[in-house]
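Both complexes below contain subunit A, partnered by subunit B and then by subunit C.
== the complex of A and B ==
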């Protein structure tokens, strides 16, 4: 077990280094305007001096080495346009808590809505809940999330008579962002839980239990649900990625002062160092999320072999 | 001279009546059942199972009609250009934020309404029924008093004014009396206000009779529609804030979005199948490619999309490129997993032993197995690509505004949600987008089910 964890940790670190290097090299291809607050007004000498001080004139390998060195020191560089000269680390530290809280809340809500929905769908196959759930899943999966996010913001704020924009101190304004963000994951959980529960229900041991006279309720709760829940764990990383993707929309729609809104903001202002830092942060979240899912899976399901991992997950 | 061979064949022809030699066998159902014959055909069964799914069939019909309409829409009569800024013909002001309506008709006026008209073109008059105006605090004579309209005479001109503007005496005297107004008021040709907030309106020439060439006084000969534009058709979906026709823009946008979706799905299929087959079939490469996959799969596709569109010049090719960059990964992995499962089945082993080439095994033995998976992924790739386009546009890295796409339109509409009267600019593209994506999703899933031989009973 320990060896498995260690192996996965090393693997994830190597992956992370490669991914960050790719992002870094790609972003070096950007025009250099994105490193200056007022590029047009500067003389070539000043520009060159600043490029020199940022290390942008060095060969790409040297830049990469410097980047990782400063990353290890915890230095993410400074913002060029968004908040001139401010260290990016502190800007992110200021913005991240809201995003994390929002993401966790929405994932919790998605579980509390999605898991009962999936279970209800599996139990009433072909009846109302199944049809309702299927409709919900089809709509959420097919329609681009931006569309229903915007429609929810438009009609729900009218209907519930709540402000359109997010205010940190006003709990009412948290409802819609958290709810909208949870929709994708709700559909996802419900879809997979239904599928796994139906698979599980067709297994022999369930038939045996039924033949023995165990009540349907007991079978569902004690056997089917529990066993179906194990493969669900592997969707945790995907749902983290869903949440991250959703947060980019939701935060800028409701003007939440968080990371997703910040990303849209700095892209609009072409602040290269900021874009780089946030994009890399999202990559880290992605890699860590996948790692977490794999490890959890190992903890929950003892059948997973730790020794050799052939092929893809 | 005939050779022996020729002679023999001639003899043969003579002796055998070829028509009786062979007979077409008919399908004898009883015999067929005994022998275990089945007239099963893969595509026939697929089609049959698919056509049993009623929702999917309805969606298919809707989608096909929508696609046909999207393609032929610009060639239909009376369509406007999606990028033309529509200006009012008389004032030159942009027709911005016009509410959706089927016709340009503002209102219908009854027979006998007097108008002043000016020549516009062969079929239309530019009309107003204002014949003049009366300055404020000027005395004029009221000839006939009515609750909403008064017939008045002013400066030798006869016309109608709205009663509510007048400063009336306490007791309305019988017969003509003198009144004035505290405001500058309009003098109408007849007792009806047909002007569109002061903008000129249009009537068809065939509906009015010109009474007086010099002043342009005319009278309607029947019930006449007064239009805001010299045309019978209005803006079906309204106009946007700079007066572009939303109807044309929605369909042009649908074309762009579908184009993106189809290209991305094609590339995804071609690259995904190729990489997946190589990855799954060539054992030596498996290890390396799996490691590469594990790295690439760790990069969230949203981030790749953002990064590529941020680095490259915004445009159609950038978008397509960014989406193609990530899409094939899932397809390749799926194909690879399936190939690994079926490549060593007995029939493939036998095929290989009999000397079938690798390429033929892949093409004839392996890929037909994967048709359902491939079609499902392609069908889902189209709404996926449309959704990605919406996303990229949303964060400000999408297509330029002169290339309407559904993402563009939704993003423009999004900015107006605070004013309820303008929400149609979001609703129309959103509806079209939803129909397309849901249809592709349902059809894709239904087809994947139907193409799975397990469901062919």
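== the complex of A and C ==
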């Protein structure tokens, strides 16, 4: 088990290095005007001095080496433009909690809505709940999320008589961002749970359970649901990434002072160190999510073993 | 023969399939005697599985009993429509061993838990008692070290061992009738005999009445007291094991026995029954086997034959047994078996 985790962590580190290298190199291809507020009015000497001080005149390989070296020291660097000179670590520490909380809330909401919906769809295949759920899933998947995010913001705020923008201290304003963010995952969970439950319902062990005298209700709860959940777990990492993706847009929509809005902001301002740091963070979330999904699968399914086989059979 | 434990009277089962009606069981009557072991044989689609599922209400929802009775313990099982009325019967009174042990167990539950689940459902007993009973059942079906094995998951068992577990689940609640739906089809030949003798042993010890569903006549010869031959949703011939093997009367039974490959015979083409079973979507006129039957009489195409008694225990649904029917000799190989049968009865 421990060896497995270690092996996965090494793999995750390699993934991180590759992703960061790509991001780093791509950001360096951007026009240098973005580094200056009044590029046109500056003399070439001043510009050059500035680039020199940012280390942008070195060959790209050297820049990359310097970047990783400082990263190893735990130094994320300082913000170049967003809040000039401020250490990135502290900026993120300030912004991250709101995002994490919103993300977790939305995932919890997606589970509490999506899982019962998926189960209800599987149980009433071809009937009302199944059709209702299918309609919902199709809409969520077919309509670009930006469209319904905006529609929700426009109409729901009116309907519920709540402020349009997010306020940290006002719980009512949390509802819509969390709800909007959960929609994609709700549909996602419902769709896959329905599919896997229907798969499981046709398996022989369900027939045997029926022949044992277990009621349909109990079969669904005790046998089918748990078996359907094993393949569901592989979607956990993806849904974490969905949440992160959704948060980027939703946070700017509701002007939530979190990481998502921050990323959009710093990309616009070409604050390269900030972009790198945030992308790295998201990458870590994704990789950890994948690892978590795999480990969780091992917990739920006894057939999956990470350690070497024990004992004699 | 002993008391009748389950009596089926003129059972008709129909399936609704997208607006079309499939007449799967066409007026079958059968008495099952306490303690006997009956084998139902027939080719795929003859309705043998569907027929026994009627006893437990296990047919799919689009199947319904159109008419007929299934009398068991003073109740007519054919009248049950609510799932909750079936639950005490399933596993408690009538239990089933399924065909494929590799997929019949829930992969995420320990086998101990799966057996206990059945015990807790049918017996007023606490967890402790269920656990003890589970261990003793495991021992009964020949699983060593039950304490350790009970904590293991199905994937840690071989196919034969899993079938033992499936049997343990079936007999855990001391049912009266055990339906074995092709219990050895998915197993290695070497394991088959073990499983069959286990079922036999349990039947003797627990006083079970067994119904085997199979198309393997070798299995039948091993385990059955009586044989019912099914064709197109009907029992065409039923009799004691020896009667069916050594003195078959229905042309379909002849054909079935002729299809059995003979070990040690070379150079002979294998026999197969010409044609395909009838389409059960359309109402069948006369004898269902007539179109494939080289011995068919004219009346076979017009009127369904009744049962003719061959002996008190043996009857067949064929016009050939009618006194007015022309005398027809069965095929050579059947005559040969018959001769063998009378030589060493």
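As a convention for this text, the second predicted complex is superposed on the first by the 292 of 313 C-alpha atoms of A that agree within 3 Å, B and C clash if a C-alpha of one lies under 4 Å from a C-alpha of the other, contacts with A are read in each partner's own complex, and residues count from 1 in each chain.
Here is the rule we use: contacts are C-beta pairs under 8 Å (C-beta built on N, C-alpha and C of every residue); 3 or more make two chains touch, one makes a residue touch a chain.
Since we're looking at a predicted model, the values are computed, not measured.
Peer 1: Overlaying the two complexes on subunit A, which is it for subunit B and subunit C: clash or fit?
Peer 2: In the superposition, subunit B and subunit C stay clear of each other.
Peer 1: Quick check for you: in the superposed arrangement, does A:93 touch first (subunit B), second (subunit C), both or neither?
Peer 2: Neither subunit B nor subunit C is touched by A:93.
Peer 1: Does subunit B (first) or subunit C (second) touch A:6, or do both, or does neither?
Peer 2: In the superposition, A:6 contacts neither subunit B nor subunit C.
Peer 1: So, does A:62 touch the first partner subunit B, the second partner subunit C, both, or neither?
Peer 2: Once the two structures are laid over each other on A, A:62 reaches no partner at all.
Peer 1: Could you work out the angle between subunit B and subunit C as seen from subunit A, using CA centres and rounding to the nearest 10 degrees?
Peer 2: Once the two structures are overlaid, it is 90 degrees.
Peer 1: Just subunit B (first), just subunit C (second), both, or neither: which does A:142 touch?
Peer 2: First partner only, subunit B.
Peer 1: Going by the touch definition up top, name the partner, subunit B or subunit C, that contacts more of subunit A.
Peer 2: B
Peer 1: For A:213, decide between first (touching subunit B), second (touching subunit C), both and neither.
Peer 2: second
Peer 1: In the superposition on the shared chain, how near does any CA atom of subunit B get to one of subunit C? Answer in angstrom.
Peer 2: Minimum over all C-alpha pairs: 9 Å.
Peer 1: Shared contact residues on subunit A for subunit B and subunit C?
Peer 2: none
Peer 1: Show me the residue ranges of subunit A that touch subunit B in the complex, using the header's touch definition.
Peer 2: 11-12, 15-16, 18-19, 22-23, 26-27, 29-30, 138-139, 141-147, 150-151, 153-154, 158, 164, 241, 244-245, 248-249, 252-253, 263-264, 267-268, 275, 279, 282-283, 285-287, 290, 311-312
Peer 1: Sort out for me which residues of subunit A touch subunit C in the complex.
Peer 2: Contacts found on subunit A: 203-205, 207-216, 222-223, 226-227, 230, 300-303, 313.
Peer 1: Inside the complex, what are the residues of subunit C that reach subunit A?
Peer 2: Against subunit A, the touching part of subunit C is residues 56, 58, 83-84, 86-92, 95-96, 98-100, 103-109, 117-118, 121-122, 153, 155-156, 166, 169-170.
Peer 1: For a test of understanding, state which residues of subunit B touch subunit A in their complex under the given definition.
Peer 2: Against subunit A, subunit B makes touches at 286, 290, 293-295, 297-300, 302-303, 306-308, 310-311, 333, 336-337, 340, 383, 386-387, 390-391, 394-397, 407, 410, 413-414, 417-418, 420, 423, 426, 430, 433-434, 437-438, 440-442.
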